[in-house]
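This report concerns only the one structure given below.
Which chain is which? They are A, B and C, in the order written, and residues in each are numbered from 1.
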Amino acid sequence: MIPSVPRSRLFDGLYLAYLVAFFIYLALPLLVTAVFAFNDAPFPSLPWQGFTLDWYLADGEQGRTGLFHDDGLLSALWVSVQVAFWVTLVSVALGCFNAVLFERLQFRGKELLYIVMLLPLVIPGVILGVSILVFYSGMANSVSMQWQIELDLFRPGLPLVVMGQVAFITTLSTLVIAARLRKFDRQLEEAALNLGATPIVAWFTVTLPWLLPAIGGAAAMAFLMSFENFNTTVMLTGSDTPLTVALFNRLREGSTPVLNAVALLLMVASAVLALLAMGRSRPGH
Amino acid sequence: MADANAATETADLVCDRLVRRFGDTRAVDEISLSVPAGSFFSILGPSGCGKTTLLRLLAGFDRPDDGDILIRGERMNEVAPNRRPVNMVFQHLALFPTMSVADNIAYGLKRQKVAAPERRRRIAEVLEQVGLPGMEDRNPQQLSGGQRQRVALARCLVLRPTLLLLDEPLGALDLKLREQMKVELKHLQKAFGTTFVYITHDQSEAMVMSDQVAVMRQGRFDQVASPETLYRHPETPFVAGFVGDNNCLAGTVVAQDDGQVTLDLADGSRVRGMAASPDLQPGQPAQLFVRPESLSLVATTAAGEAALPAQVVTTLFDGANSRVELTAAGQVLFARLPQDGSAPSLDAGQTLALQWQPSLARVFAGAPA
Amino acid sequence: MTPGAGRLSLALLLTPFLLWIVLLVLLPHAEMLRVSFQVRESWDTLDWGLTQYRNFFEEAYYWRTFLRTGLMSLFTTALTLLVAFPIAWYIARLARGRSRGVLFLACLVPFWASELVRTYGWMILLRESGVFSALLQGVGLADGPVEMLYNDAAVIIGLVYNGLLFMVVPLVTTLDGLDENLVEAGYDLGGGHLTVLREVVVPWAMPGIVSGSIVVFMLTLGSYLTPILMGGKDSAWFTQQIFTQFITRFNWEQGAALGVLLLVLSSLMVWLGLKLTGQSLRKVMG
């Protein structure tokens, strides 16, 4: 069980085998996805037909359209980036406010509000999407019927997607930033005041620099979560589809190696973003 | 105090009947004090006595409910902490972890809008003074406990404050380093000539460094005096027991003659000491304090009537601080065992007698708390 | 801070919080609840009623799917816990130095890909024309293509895969804080492997187990892509029915009722999980 307690050789062997099997299980789906992005065949399956970059670069002249010439996927990618940008901005800003609210201020009903703040974590994403659809789209419908005013903002579309994602990503960014703020020594702010800083200056010169790694981490997380989200997004999307929804629609038509190419690109981009966020947050710990 | 007014005029810090209440308890209860410029003033008390509250009132992190705080004659009650000519070394130092040593020290200078070249010069100078030359670019986390201590001091001293407050800054250091820093703090204070107000629960820190020590208990000062006066002439039983090692014998007053009091202990033996409370009346309960080093051990056969018979419980060897634990009249006592070969060899259960000069013992009215 | 400034900063910070939680969470859910009790008499007349809920109980298709989704989610959660625990134990207690960080990172890597990509990977592996099928034929274990996709086992493999990270991380965090002396004391006082596991390790890891299980259960119950893409013709998932009502049939009232039912089920399970193990949501999630 622990290094200091003797174990049998058999147990150790089995344990090791299990570990290896586990990590193969983890890696396998991603590995095949990545590999088939370069298979010179119109369908992502064995046998291996040789290496090609067609699924990224082909311009459609030989019947193959690579990712970089696929306008549908590229515009979906751009939509996703826009959505993720706004979601990151709003949910990290809200996360900062919420963290200060719950870590620094004392007020009646704080415990209850904290539980309410956690709620989006235990609501399935589909339900979050559905409820926002019902409320805002329903409101737009009623307003349109009653007063003939069109509230297009509240029809399924990108603003609604952003709202749906902010609903639950804010909870996560709040938790990340609040955890860091909780470790902040209040005496540092007093020390700043004592050395002549006003409360505002103390906040910007001492507290905010302390929070920055967490804010960066929360932003990276929010961006990834938004980019990868499907369940909430699919309920709220309109004519401009974000990448995950576009990929899903393509997949239902049948899989092509272009999908593998997109998947690999996404994995690499996410890995870079995640490693950057982790690298940034490490010195602070 | 005839020179009280004269002292107030040259004082850097004056508190006048300062009160801070938390609910029904008075954490600071009508405290008045006056700290002369350039002196090292300590406030010594057990935890929970209100010393930290008092310090926070001085720094401006808390407001007094009553009374006045004057620094160089200016009333500070309404002044925000960032506008007071007071700096503080925090208990856990509160060095900014996101800044280098130089940035930590520069923090206050930037707030005073000191220009960059001048800042650099003063940082280098103060680091030199605290014995950390060339450490500007280090991260506080990379430094040892003693070095961090000095950076915290430098960060305050570079601003040339009227008053430096220190909140038990040595508490986190290990014993050896603490001994070293005590001496060094005292030297630094002399070198800078800044007025230090130091709070601690460690009587040795207060005694070694201070010009004046205030012993604080339950929001009030029991006694304010020089370390030596506190040690030799404690004015209350609390000070007698808190400052330095002491033995306490409870008994009943039988006679008082020209300041010398005779007490009757539970087993009928008689002991003598100097009256430290006014009007000690015969028949009153009283307690006698006598320091372990004032006791001398004599064989029972050679003892006169002024000796107190005692039984040896055990000896506690600790180099120069070696002591013997005894019981006398049902009470526990410690006596110092000189290590120059003059102490008799002692066995557990052995009976001997304790003697002391009555002028070295202090008698207070009342039973021990 | 003066009381006035305190009230001002409270108001300034409470406003964004309330805007977010009320406008994006509380009001929409209240509206969904309201709509679920509306009955559409004709295109422009509405009435209150329980029609949608009656439909749910009368149509075997609805409540069977509901039950199936709940049970399979429970099973997936338990399986994920079993799979993840030895891994978390190894990372937290047995791995040393660099390998520890590397293994932990390896557990996170699959989650830099979205659920869709992960599911797609499994499809490439398991389907009739997939990698496993080709390999089996290649070594001669199968004569023709083998279909391993589109059944419940495939769905569970995919769901466990999706949940692993959310189980491993809280487990590693709690097991990391376990004092090895406690385990040693367990053996020293005469306990065997199982006794120590049951009496010392599991009670200590309980907050991690509960928080991991809650998150995995929630994710599984609410998952959409994996059951749809990897499940067979008769392995319907409840989220799919909600989607169908809203997007395909435009029957918002029925969809809202199904949504409320799913929300009730998930809240009930979370609440039960917390009650049975004596944990609180704040401790487990915050």
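The rule is short, and it goes like this: a residue touches a chain if its C-beta (ideal position, glycine included) is under 8 Å from a C-beta of that chain, and two chains touch if they have at least 3 such contacts.
In UniProt terms, the chains line up like this: C = ABC transporter permease.
In this text, all values refer to a predicted model and were calculated from it rather than measured experimentally.
Asker: Have a look at which chains touch which and call the overall pattern line, ring, star, complete or other.
Answerer: Drawn as a graph, the chains make an open path, so a line.
Asker: Centre-to-centre on C-alpha atoms, which chain is most distant from chain C (ABC transporter permease)?
Answerer: B
Asker: Tally the contacting C-beta pairs at the A-B interface and at the A-C interface, and name the larger one.
Answerer: Higher contact count goes to A-C.
Asker: So what's the Cα centroid distance for chain B and chain C (ABC transporter permease), whole Å?
Answerer: For chain B versus chain C (ABC transporter permease), the centre distance works out to 60 Å.
Asker: Nearest whole angstrom, what separates the Cα centre of chain A from the Cα centre of chain B?
Answerer: Spacing between the chain centres: roughly 57 Å.
Asker: Just curious, how far off is chain C (ABC transporter permease) from chain A if you go by their C-alpha centres, in Å?
Answerer: That gives a centre separation of 16 Å.
Asker: Pull out every residue in chain B that's touching 2 or more other chains.
Answerer: If we look for residues of chain B contacting two or more partner chains, we find none.
Asker: Spell out the part of chain B that touches chain A in their complex, as residue ranges.
Answerer: Per the touch definition, chain B meets chain A at residues 59-61, 80-83, 86-88, 90-92, 94, 96-99, 107-108, 111-112, 155-156, 159.
Asker: Which bits of chain A are touching chain B when the two form their complex?
Answerer: So the residues of chain A touching chain B come out as 185, 187-188, 190-198, 201, 205-206, 209-210.
Asker: Considering only the defined contacts, which chain C (ABC transporter permease) positions touch chain A in the complex?
Answerer: Chain C (ABC transporter permease) reaches chain A through residues 1, 6, 9-10, 13-14, 16-17, 20-21, 24-29, 31-32, 35, 83, 86-87, 89-90, 93-94, 103, 106-110, 112-118, 120-125, 129-131, 134-135, 161, 164, 180, 183-184, 187, 193, 196-197, 201, 214-215, 218, 221-225, 229, 239, 242-243, 246-247, 252, 255-256, 259, 262-263, 266-267, 270, 281-282, 285-286.
Asker: Looking at the complex, which residues from chain A come into contact with chain C (ABC transporter permease)?
Answerer: Answer in residue numbers: 1-5, 15, 18-19, 22-23, 25-33, 36, 43-47, 93-94, 97-98, 100-101, 105, 107, 111, 113-128, 130-136, 138, 163-164, 166-167, 170, 175, 178, 199, 224, 227-231, 234-235, 244, 247-248, 251, 255, 259-260, 263, 266-267, 270-271, 274.
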